[in-house]
Amino acid sequence: MTDHPISAPGAGIGRSLRVGLLVRRMMGTAGPVLAVVAGLLAIWYLAAIPMNAAQSVTDAERAGAAFDVSAAERRDMGGLSLVALAPGTALAGAYGQERPRLPAPHQVAGEMWASTFALGADCGPAERERDRLELFGRTWAVHEDCLAPVTSRRSLILHAGLTLAPTLLGFAIGSLLGVALAVGIVHSRVMDLSVMPWAIASQTIPILAIAPMIIVVMNSVGIQGLLPKAIISAYLSFFPVVVGMAKGLRAPSAADLDLMRTWGASGARILWHLRLPASAPYLFASLKIGVAAALVGAIVAELPTGAVRGLGARLLAGSYYGQTIQIWSALFAAAIAAALLVAAIGGIERGVLGRMGLRR
Amino acid sequence: QDLDELTLQLQWVTQAQFAGYYAALANGYYEDEGLDVTILPGGPDIAPPQVLAGGGADVMLNWMPSALAARERGVPVVNIAQPFTSSGLMLTCWADTGIEGPQDFAGRTIGVWFFGNEYPFLSWMSQEGIPTEEGAEGGVTVLKQGFNVDPLLQRQADCISTMTYNEYNQVLASGVAEDELTTFLYEDQGVATLEDGIYTLEENLEDPEMVDKLARFVRASMRGWEWAVENPEEAAEIIIDYDETGAQTYDHQLAMMEEIAKLVDTSQGGALDEAAYQRTVDTLLAGGSDPVITAAPEGAWTAQVTDAAGEM
Amino acid sequence: MTTISATSLDLTFQTADGPVHALRGIDLTVEAGEFVSFIGPSGCGKTTFLRCVAALETPTAGELQVQGMTPDEARRARAYGYVFQAAGLYPWRTIGRNVTLPLEIMGYPKAERRERMERVLDLVELSGFANKYPWQLSGGMQQRASIARALSFDAGILLMDEPFGALDEIVRDRLNEELLALWARTGKTCLFVTHSIPEAVYLSTKIVVMSPRPGRIADVIDSPLPRERPLDIRDTPEFLAVAHRVREGLREGMEAA
Amino acid sequence: MTTISATSLDLTFQTADGPVHALRGIDLTVEAGEFVSFIGPSGCGKTTFLRCVAALETPTAGELQVQGMTPDEARRARAYGYVFQAAGLYPWRTIGRNVTLPLEIMGYPKAERRERMERVLDLVELSGFANKYPWQLSGGMQQRASIARALSFDAGILLMDEPFGALDEIVRDRLNEELLALWARTGKTCLFVTHSIPEAVYLSTKIVVMSPRPGRIADVIDSPLPRERPLDIRDTPEFLAVAHRVREGLREGMEAA
Amino acid sequence: MILGVWAALWGANVWVAGRSFGRWLAPVLFGAALLILWEMTVRLFGVPQVILPAPTAIGAAISANVPTLWADFVQTFVKGALSGWAIGCAAALLTALVIDRSGFLRRGVLPVGNFLAALPIVGTAPIFVMWLGFGWESKAAVVVAMVFFPVLVNTVAGLADTQPMQRDLMATYGASPGQRLRYLAAPSALPFVFNGLKIATTLALIGAIVAEFFGSPTVGMGFRISTEVGRLNLPMVWAEIAVAALAGSAFYGIVALIEKRLCFWHPSQRGGRP
């Protein structure tokens, strides 16, 4: 190669600069996010001690330990005073309970791992068990149902996948409806004046209250299965799209619109050649909100449909039996699914805007 | 051959409470009767009478107070069979609160299921003369209980509603000893009402073909119950197989099946005991100033279907 | 041949604070092939007049004819190319596709669109940039692209509202030279709004000096300069004389208002 | 007395595409009370130099002293009034309260704020507009308000970055006259960036011609014009001579780059 | 027939929208049209009341149950939603101020915040009921959790939305960080903050109502809805829904009105002139 000494002034600056920029960009978000997550985890672990103290003390008492304060009196004590009363017991019992008030992060992570890869603590009759596995300080039964991970009923991936179908269908319906309404609002003053207030009002109606009625009404006209759930999820996702798109379709300046008119362009042409492209950034911003809303809608819709599969059903099932760890893991699975959906939209956004030349 | 389709709406999620129906399905009893039965699980946001009225199901399971109230609301549901002859409903209290009888309820916090399941409690309280309105003198504070036993375990309530076969077992399973608890079985308090019965809409009974279908359904279901009561382990396994949430555990379902067996009477082919019906109606009508139903219902049950089932 | 003729044109905007007399009693005739500059203080109605010609505003009184038609007929006959102060290119289209956009809207066949695009980009010396995006070009190049867009369809009339207002003096000088050459080559009728006296004098065959409140014409100056104009014509006495007359017209208009 | 002295000032921006040499080897001295214009093509570092003086950028090499202090000390001693090309008024404050904003920040008592506000608004001929919001004023009026804001506190140094770039020629002429009068009255040291050769020559006692890539000083011209300058001084031979020298300096700088 | 009525009402609406009073009359007329169509559909097709009650039946339920509706409104809206909204928004604003001081925190908190904001309410509500009991406190907590992140994200974006020139001006004035916040960042963040606050209003009411499905005292809009659905008293259910929609829209409207007063200077509030 060249015989410039590596110590020559400026040598290597180009590369180290580029590497430096890259590192800085990575550090730019990864570092802070990790720090914040670490902080939250620390708070979480600390909070688990007083939150679970009552159960820790009760468990210890049932195991034979004696306390100066009776159970009836303890009922009115806060978590912190219980910790003060029996710090050792509170600490020892904080992270290993079956049904903690606040499960520790590693318990939730363990449950997520187990239910993603379909291990189950006692998931069937003893004679059907094939094997036992020691993991996270707990014994997991590997049920024959559980051997094919993703298709097992305990698999969070299966449940998330089943929630995803109505989410995506509802999101598609909601986005199309939102875009259509926004186009109407932008082109017709009547639509603008009459639809917008009612769109806002529609979002103040508690969806959980009318969801059963939607289901029953659709049922009575013979529609079942995916569609009712998708409708509920569309109900939640159309609103952000309407608002964002109405803003986006109005983004072109008066000058841009005038120019179109000097060319004698029709309303449809203006929509196609000017308003729609100009609204793309707004559209994607609202699609990201809309897809998260659609997921929430699909989860909510699992209550009144009597759904037995899906993240919402899983959340409820955890709730029926006070399985807090299971609730938390389903909760995080839902948040992860939402994050993935948003990231997917973000990816499409980067691609589309990049191709449109809107991303610099 | 062609099977007749029939849809059954349960009033709660898949569990051993409904073992008879799942057993009939799994063992092919419905098919033997020429039926293709779909079982719809229930849940906290599902009102079976509404599903029936909306045409989402042909038959439903429901507690009689809820069904009679729905009838008053204009949904003409009719009891066609009553496999459960005893009530499994009870109130479970912490023993250390000192509650020994209804006389100690004043000033206490009590968790109750609503959604049409509050009627037995309300009529009990009104018979005891204990007000249940917010802030009433000498009354109880009523909470709308969620779907689990947390309010008791977290000591947010002194007593909560439990079923002998489900929630009570959950309390015990969480490490509480039986002697830490005081329980009041509604049967013992003389305020028991009929629980899981089979209902359909009045109009179905006018159609002989439909009546025949229902009779075959009841017969197969009772056959399922007979089998489930005799084979609790296998029944629990069937439940586990049909539970798609993956949340049920075998041990819990087995325990539930054993308790359920005590409530079911298969000897009468599911026929409703008129005396039990009358006791339920009386209890509901006795609700003081605010009775659950305002008048004795007419035609709220029929022996037509169970009779037809018996003849075949 | 008379391309544009305005007779006692009035335009009053009704606003919340009362009526604004944007144009009052405008009389003006523009012959085919002329280069007419409009100059005057802010708010004197230059833009409004151009917009009336392009049928983007409707006069409240008076007569306005464009190529013997009403402005709206002329608009539908696609008689205008309009260039704004800001280039107003669509960032999601390449330069080439920006230029073909009006052709697409007007339904020209694909092959012809391509051919015309190449021709006009060549005209403004931007051939080779057809596949670049607007933001990859400097401000001056963007402005030239926007002129190319206005030239792409055969509008006989080019309306330009301060097209070079945002550019620096050096770029502006060059674009002025180019614009003049273009005008000479195509023979279009140009209406040009500017704030710069030298620019107006350098470019025009006719300079319309306007004054505000209400917007009216203070002076119409027919330029004695030859059609052939090198940049240093700006140091000649004839040039300075015209510039002086424009400045005087402006000052009087200001004082009268 | 020397107000600003720069010695072999360098400023290099590190960007993703590699380093940009915005300033290279700048040597310049400005005496108290001078009016110095900076002129040069886009990107030659005029703004960057002003920002260095105002301690908004830090030079990567060289020496910069302001009133015997570092720029940052001078900033904290509130030595600067800065006027940007866009008026940059806060839309949520009235004109009056925009003008008093720096005074509020610097802790002037209320009565004095009011009095100063009235005085400077008078100076820029905006008395009577104190209670209007910025968007209710024309661009020229907004720019004057922004100058009033920079004058409201007694900063010895006025830094102006193309303050009149967006205005029309007539308003610009008037503001030029006013600025000159103001400068004469207050005796401030002014650093003024412009793209217009006549403006630079008309206003300055010293003209700094810059050239780009890397940004450096091509020429420093001490103006032979008297301090008293009526507008038509622009038609005198001395004026034209200076303007010619500036234009030459610009052209050479362009060609060298 | 239904289509005919629809067309007639739409025509009236078109006429109204062109008038000056159209701004408020058009939405009212549109709503009236929806109600009339609803009533007609229910009557013509004989929809059972337990599936969809007619608007007249709902109106009757409202007028017959004013005290109950009022008690539920106070419990859910005033105690649950409003207090939760206020606490959540205040906390989010304060957090945003803290975060804004440090680019490190800003980059760290926002992604985590977006993640946590995606936790579905049907999962969080039971947890809060378990932690904070059956009273309004747990409902307020659910609302706090729902509104916190939208307001936080908007406020942080708003605080960062100052123009470089405006920041530079503050530097040349030698302004302290506090002054910079007070005179520059806070006012220019206001339109963003209101964006968040408006989103939060609709979330607050929904959150408070839905949380009551997971345990409540025997009063409250969510309690009433879930109980009366079980009792098949659908007119009462819809009466509560109507109150919820009315209260929610009014809440939104009030916040929008305050925004109009405080952000009069923002282009979006004065018709786009720059």
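Just so it is clear, A, B, C, D and E label the chains in written order, and each chain counts residues from 1 on its own.
Keep this in mind: contacts are C-beta pairs under 8 Å (C-beta built on N, C-alpha and C of every residue); 3 or more make two chains touch, one makes a residue touch a chain.
If you want to know which protein each chain is, UniProt gives these names: A, E = NitT/TauT family transport system permease protein; C, D = NitT/TauT family transport system ATP-binding protein.
All figures in this text were calculated on a predicted structure; none of them were measured in a lab.
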Quiz item: For subunit C superposed on subunit D via Cα atoms, how large is the rotation, as a multiple of 5°?
Solution: 175
Practice problem: Specify the chain pair with the maximum number of C-beta contact pairs. | Solution: A-E
Quiz item: Of all the chains, which has the CA centre nearest the overall CA centre?
Solution: E
Quiz item: How many angstrom between the C-alpha centroids of subunit D and subunit C?
Solution: 33
Exercise. Please compute the C-alpha centroid of subunit A, do the same for subunit B, then give the distance between them in whole Å.
Key: 36
Practice problem: Measure off the straight-line distance from the CA centroid of subunit A to the CA centroid of subunit E, and report it in whole Å. | Solution: 21
Practice problem: For subunit B and subunit E, let me know how many angstrom lie between their CA-based centres, rounded off. | Solution: 39
Exercise. At least two other chains touched by the same residue of subunit B: list those residues.
Key: 44-45, 47, 50, 53-54, 146, 150, 154
Quiz item: Which residues does subunit D have that touch at least 2 chains other than itself?
Solution: none
Quiz item: Multi-chain contacts in subunit A: which residues touch at least two other chains?
Solution: 101, 208, 212, 216-217, 220, 303, 316, 319
Quiz item: Mind pulling up the subunit A residues that touch subunit E in the complex?
Solution: 28-29, 31-37, 40, 51, 101-102, 189-190, 193-198, 200-210, 212-213, 216-217, 220, 292, 295-296, 299-300, 303, 311-312, 315-316, 319, 324, 327-328, 330-332, 334-335, 338-339, 342
Practice problem: Using the touch definition up top, name the residues of subunit A that touch subunit B in the complex. | Solution: 54-55, 58-59, 62, 70-72, 75, 98-99, 101, 115, 120, 122-125, 152-155, 208, 211-212, 215-217, 219-220, 224, 303-304, 306, 308-309, 313-314, 316-323, 326
Self-check item: Of subunit E, residues touching subunit D in the complex
Solution: 163, 165-166, 168-175, 179, 183-184, 187-188, 190, 263, 265-266, 270, 273-274
Quiz item: So in the complex, which bits of subunit C are touching subunit D?
Solution: 41-43, 168-170, 195-197, 240, 250, 254
Quiz item: subunit E touches which residues of subunit B in the complex?
Solution: 44-45, 47, 49-50, 53-54, 66, 69-70, 73-75, 114-118, 132-134, 141-146, 150-151, 154, 156
